[in-house]
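Below are two complexes that have chain A in common, paired first with chain B and then with chain C.
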Partner chain A sequence: MRFSSVRTAAFVLGRELAITALLLAGVSLVVFAILFLAPGDPFSLLLEGQMGDDAVREALGVPTAWYAQYLSWVSNILRGNFGTSVHTGLPVLSEIIRVGINTLYLTLGALLITLVIAIPIALLSARMGNTSLTLPLTIAAYVISALPVFWLGYIAIYISTHRFGAFPIVVGSSGTQGLNMTAFLLPIVVLGVGNGTISEVVRYLREEMGRVFAEEYIRTAKAKGGSVWRHSVREGFIVPITQIIATKIPFVLGGAVVVEQVFNWPGMGRMAWQAAQTRDYPLIMGITIIAAVIVRMGSLLQRVVHFMVNPAAAGD
Partner chain B sequence: MKRYTQRSSVVVEFSDLPFWKKADRRDLFYLGFGLLVLTMVLVSYALGSLEWLPYDPQEIDLDMLMAPPGTEGHLLGTDFMGRDILSRLVLGTQAYFLPGLLSITIALTLGSLVGVLSGYWGAGFDTAATYLGNLLDSFPRLVFILLVVAAFKPDIYYIMVVVGITNVPVVSLLIRDKILSLKQKTFIEAAKALGLRNRTIIFRHILWHNCRSTLIIQATLGMAEAILIESSLSYLGFGVQEPTPSWGNMVQAGSNYFMQGQFWSSTAPALAILVTIMGFHLLGDGLNYILEGKRS
Partner chain C sequence: MAVEPVLTIEDLRTYFYSRSKRAFIRSVDGVGLQVRRGETLGIVGESGSGKSVTALSVIGLIDAEPGVITGRVGFRVNGTEWSLLPSIGDHVSLAEEDGRIVEVVKDNRGWRRKVDRLMHGVRGREISMIFQNPRVSLNPFVTIGSQVAESVLLNTGIRNRREAAEKARYWLEQVRMDSPGLRFAQYPGDLSGGMCQRAMIAMALSSEPSLLIADEPTTGLDSTIQSKIVELLDDLKKAVGVTTVLISHDINVVARLSDSVAVMYGGTVLEYGPADRVLSPDFLPKHPYVEALLESIPSERHIKDGLLPRAIEGEVLDTVNAPRGCRFFDRCHRITNGIEEKCRDLEPDLAEISAGHQMRCWLHIG
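Now for the complex of A and B:
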C-alpha cells in the first residue's frame, strides 16, 4: 500500500517532468525557428555582423547547417549562456535575473490582488446562487475585465500624485530599495485589477465551487452536521485556485509588459519592450525563454499540488 | 375548438423553443448591448472607409486645442492638436477591424481543422494537438508578439496571424470536446451506419449543425482579444503610428495632458476600448446561453 503510493507519486512526478522537458524543448525550437527565419540573420549579428559568408563561418568553426546552429545554441542556453545583449553588451541572463526579481514582485502581487477580489465574489455567488447582489457584481466584473490597463494606470498615478502627493513612477533601475510604498504597491494593484482576467477567474472558481458544493459527499457532510468547509476545501478551493493561478501566469506576465511601461517599473516586461524597440535579439529571446520556463514551472507546481491533494484524480 | 385543445396539449420541449423565448431578461440585455456595440463598430468601419467623417481626423486646428466634449461642432471635443476626437475614434476602428477578422478566421478554420482531426480521427492527433496547445500556452502572448516584432518588424496583419494561431488551441479544444460528446450519443456512429460520407458528417452534421454556435461565440471573443492586443501594441508604440489614429495610440498621445488634469483626450479612446471589449464579451456570453444553454 505504502510502496505503491510512493511508486505512483514517482511515476506522476516523472511523467510531469518529462512533459515539462518536452514542452521546453518545443519552446526552444519555436524561438529558434522565429529567429532563424528573421531577415538579416540575427545569428550573424551576434558575431559582429561580419559573418554573412558561409566560408568565413566555417573557418571560424561557426556551424552553418540549421540543426548544428540550433544544437550549439541550445547547449549554450543549457549551460546558462544566453549570449550578450546587442544593445548594452552585458550578459543576457544576469540582466534578466537583475530585473526579473522586480517582475516577480509585480506579478505575484498582482495575482494575489486578483484572487483577493475574485474569491469572495465567487464564493458568494457559488453559495447563494443568483441573488440580487450577484448581478451588479457580475456587471462590475465585466467592466473591470474590459478596462484598458494603461488608462487604469493613468488614473491611479493621477490620483496618487494629486491627492496623496506621492509620485508613483520608479525612477532609475537600481532595484526596489529606494522606492516608497505607493510606488511599489500601485502598479501591483493596477495589474491585479486590470489584467483582464478577473471575470474569468470569478466564473471558473464559481463553477468549480458550485460543482463541489453540489457533490453528494458535501450533502452527506451537511446531513451529519459536519463542516462543509473542511470537506470542500481541497477539491473546491485548493485545486481550482492553483489551477487558475497556473493558467493565468502567462496573462499576468503579458500584462506586466504594459504596466511596467506605464509605471516605468524596471522589470522584464519593460526590458522586453526595449529589446523589441532596439531589435536586441539575444535579449528578447532570453526573456521569451525565461517567461516560458516560468509558465511551465507554475504548471508543473500546480500538477504536483493537485497530485498531493487528490492522487486519484491527478494520476491519470 | 378542437384545434385549440390539440395545440395546447402539445408538449413543447425547452430545447425546441425559439431562442428568444428561452432567454431571460439578463441574456437579452447582454445580447442587446453586444449587438449595439457590434453595429457601432460596423457603422464606424464603413464610415471610416467611405471617409464620411464630421472632420478630417488629421486636420490640426490650433484655435481649438483640447476642447471639452459638447463643444459647438465637435461632439466629443478635440485633442491636444485640435483634431476632432469623434472622427479619430470612428477612424480608429480601421486599426483593428480587418486585422481582427483575419485573426478570427485563422483561429476558427485552423481550430476547427485541429479539433476535427483530434476528436474525429482519434488518439494520435489528439496527443499532438494537446502538445501544440500547451506549447503555445507556454508563451505569454504579449512577450511572444514582442519577439515576433523584434524579429520581423511586421505590420498589424502579420501580428494578427500570430494572435489567430495562438487562439487555435482554445477553439480546437471546444470542437474536440463537442465531437467527443456527440460520439457518446452514438450520433456519429448512426450517421456512419446510414452510409454518409465523412465529409458530409464533418462539415454538415458536426461543424454546421452542432458547432456553429460555438464558433460564433469564439468569433466574438476573438474580436475582443484583437482589440485588446491592437490597442496594447499601438499604446506601446508598435502598432499604428501617429498621426493615423488608433485607440491605443490616442490614449498614449493624451497621457501628458492626463497628468495635468486634462483627462478627456486619453479618456475618450479608453472608454471606446472599454465599451467595445465589454460589448463583445457580453455578446459572446449572451449567445453562449441563448444558443448553447450554458449559463456563464
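Now for the complex of A and C:
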C-alpha cells in the first residue's frame, strides 16, 4: 500500500477512535449524572431503613463526592469491572454477555430480514424506475415501515396463537437451547419488518444507485463494453449499504428492547427494561455503555469498509 | 479516394422531447458524415451544436427517455458490415395535436435492449470512446491498471489476467504515463487530470479498436497539459494509425490532427471537407459561419496584423424553434440583397462546391 493511503487510514481510524472515546465519556457522564440526580440514589436504596447514610459510606470506603464516585466507576469499567447487579448480585458484565448473545441473534437476524426485503426493491427501482412492479413494492415498504413494532409484535403473537394454538414465546432466560423454530424466528421477523428502517434503506439505496448510474464513469464502463453493475456496485451499493446499516443500528437496538419485551426474549433489551424497573443502577449503566460501544463499532466498521473499497477517497 | 469508409452516418437525427416546451429539441438534425480508414475526422462547432450527441448516437449511449434517433449508421470493418441504429418505429409512438407533438411514448427498455444487442461486440471492441473530464470518466474505485486491463480482457483475445495486466502496462507506457508501474496500482483520485486522460486514452486504445471517438479530449485540462495530450494523440496517430473522430471546439487542435473537418451548427453540418481547406482562413470560398469562427480564435494572423480575435455576435441557435431558412440567418454578415429572401425562407442543402468539399450556403450554391 502507498504511503499516502496508510497515512489516510491512520488518520481516519485515529479520528474515529477519538470520537468514540469522547462519545463514551459523554455517555457515561450523562448516565451517571441522571442516576446521581435521580431521587433515591443507589446507596440510599440499598441502605433504606438502615442507619445514617454518611456514616455507612465512610465505613464502607465509598467516596461521597460525585466526581470521585464517577472516576472510581469509570476506572473500574476500564478494567472490565462493571460492578455487580444490585438485583441478582451477579457481575454486570457477565450478565450482559450472557443475554447479549440472544440480542445479537435477534438484531443481526432482523437486520438480515430488513436487507433481504429492502435491497431487491431498491435495486429494481433504481434500475427500472417506477414501474407497475416496483411502485407497489416501494409503497408497501413505506407502509410497513410506518407500523409500530410493538403493534406488529402483538399481531404476530395473536395470529400465531390462533394458528398454532399456543403462545410461541421464548420462556425463561436459558438462552436459545430447546426453542422451537417459530418461537425463534417470529421475533426476528417482527423486528426485521418492524424496525422502521426498510423504507429508508430502500430510499437511500435507490437514490445512491440511481445517482451512480448517471455518473460519467458508468458511461465509460458502457462505452468499453463493461458491466454497469460491476462498476456501480462499490459506490452505488457497498458504500451506501454500510452507511445506512451503521446509522440504523440504534434504531434496531431500540426496536429490540420492545420486541424482547413483547416476546419475552431473554436479551439485553429486556434486561435493561427490568433493570430500569428495579432501579438496578450498575446494570443500567453497564448496558448503556455497551450499547454505545456497539453503535460506535458500527460506524467504525463502516469506515473500514469504505477504506477497503477506495483508499483514495475514504479520507473525505 | 479508394479507401473504404469505416463509418458512414446518413441523415442522423437525434431529438429530445421537452415536456415543458411540448416540442422536440433537435440536437442533431440531419447529419451525414463519413470516416475512411486511417483518417481523422474533426468535428468543430460552438457549445450546444450537437457534436457530443452525434458521437453518443453513433455508439448508442444516448440515454434520455423521450429521445428519438433516426437515420443510418453504417460501420464496416474487414468486410463485415454493421448497422448500428435500430429503427425507432417499434419503440416510439407520438401523439399529435394541431400539428404539435404533445406526447412521446417510448418503450425505453425495449429500445435500450435492442441498441445494446446491436452494439454487442462493437462498442468497446471495435469502437472506443474517450470522454471529456477524464477525472470523472474513470471509475474512482478501481485502480488505473485494472481499468485498462478490464478493457483488454473484455475486448481482445486475451483471457488471462496476468497477460491482460501486462498488456495494460504496455499501453500505459504507450501513452507516456510517467512511472507507469507506479500509476498502475493507483486510483484516479491520485492522478492529475492530464495523467487521467492518458489513462483514458490507454484504455480506449487497449482494445485495438477500428474506430476511436475522442470527444473533447483536451477540454478542461490546463493549456500546457492540453498541448502535451495533442502531441500524444498526434504521435499515436502516426504510430498506431487508428481511424479517429475528433470532437473539439478548439479549432487549433482539430486543425493539427484532422484530415477532414465537419463544422456543425445547430445540429447540422454547415461545411465539410479537407481540413486544410475548411480551416484555412486563406482558402476561399468560406462559409460565413466558418469565416466568423476562424476570426474568433486567436491565431498568428491576428498577432501579425495587430487585430483582436472577434467573437461571433448573436445567440447560439435555439434548436427548438429553428428558423425556416438558413440556421445562421440571424447572425450572418454576408447576406446579400439578392439572396436574402432565400436565406430567410429556405434552408440551403449541403452541396458539393468542389470535389470532396461541401457547403450549406446560398452564396455558394447559386
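Some observations on this one:
The working rule: the second predicted complex is superposed on the first by the 285 of 316 C-alpha atoms of A that agree within 3 Å, B and C clash if a C-alpha of one lies under 4 Å from a C-alpha of the other, contacts with A are read in each partner's own complex, and residues count from 1 in each chain.
Keep this in mind: contacts are C-beta pairs under 8 Å (C-beta built on N, C-alpha and C of every residue); 3 or more make two chains touch, one makes a residue touch a chain.
Model, not experiment: these values are computed from the prediction.
Steric overlap between chain B and chain C is absent once the structures are superposed on chain A; the two fit side by side. When the two structures are aligned on the shared chain, A:66 is found in touch with neither chain B nor chain C. Look at A:196: by the touch rule set out above, it reaches chain B but stays clear of chain C.
In the superposition on chain A, A:229 makes contact with neither chain B nor chain C. Once the two complexes are overlaid on the shared chain, A:295 sits against chain B while remaining clear of chain C. In the superposed model, chain B and chain C sit 80 degrees apart as seen from the Cα centre of chain A, a figure rounded to the nearest 10.
By the document's definition of touching, of the two partners only chain C reaches A:310; chain B does not. Applying the stated contact rule after C-alpha superposition, one finds that A:11 touches neither chain B nor chain C. When the two complexes are overlaid, the chain among chain B and chain C that reaches more residues of chain A is B.
In the superposed pair of complexes, A:146 makes contact with chain B only, with no contact to chain C. Once you line the two complexes up on chain A, you'll see the smallest CA to CA distance from chain B to chain C is 10 Å. Residues of chain A touching chain B in their complex: 19, 22-24, 26-27, 30-31, 34-35, 37-39, 42, 135, 142-143, 145-148, 150-151, 154, 157-158, 161-162, 196, 199, 203, 249-251, 253-255, 257-258, 261, 269, 272-273, 275-277, 279-281, 284-285, 287-288, 291-292, 295-296. Only residues 2, 4, 128, 215-217, 219-226, 231, 234-235, 309-313 of chain A touch chain C when the two sit together in their complex.
Listed in rising order, the residues of chain B touching chain A in the complex are 26, 131, 134-135, 137-144, 146-153, 224, 228, 231-232, 235-238, 248, 251-252, 255, 258-259, 261, 263, 266-267, 270, 273-275, 277-278, 281-282, 296. Residues of chain C touching chain A in their complex: 59, 61, 109, 120, 123-125, 128-129, 131, 133, 136-142, 150-151, 154-155, 185-190, 200, 203-204, 207.
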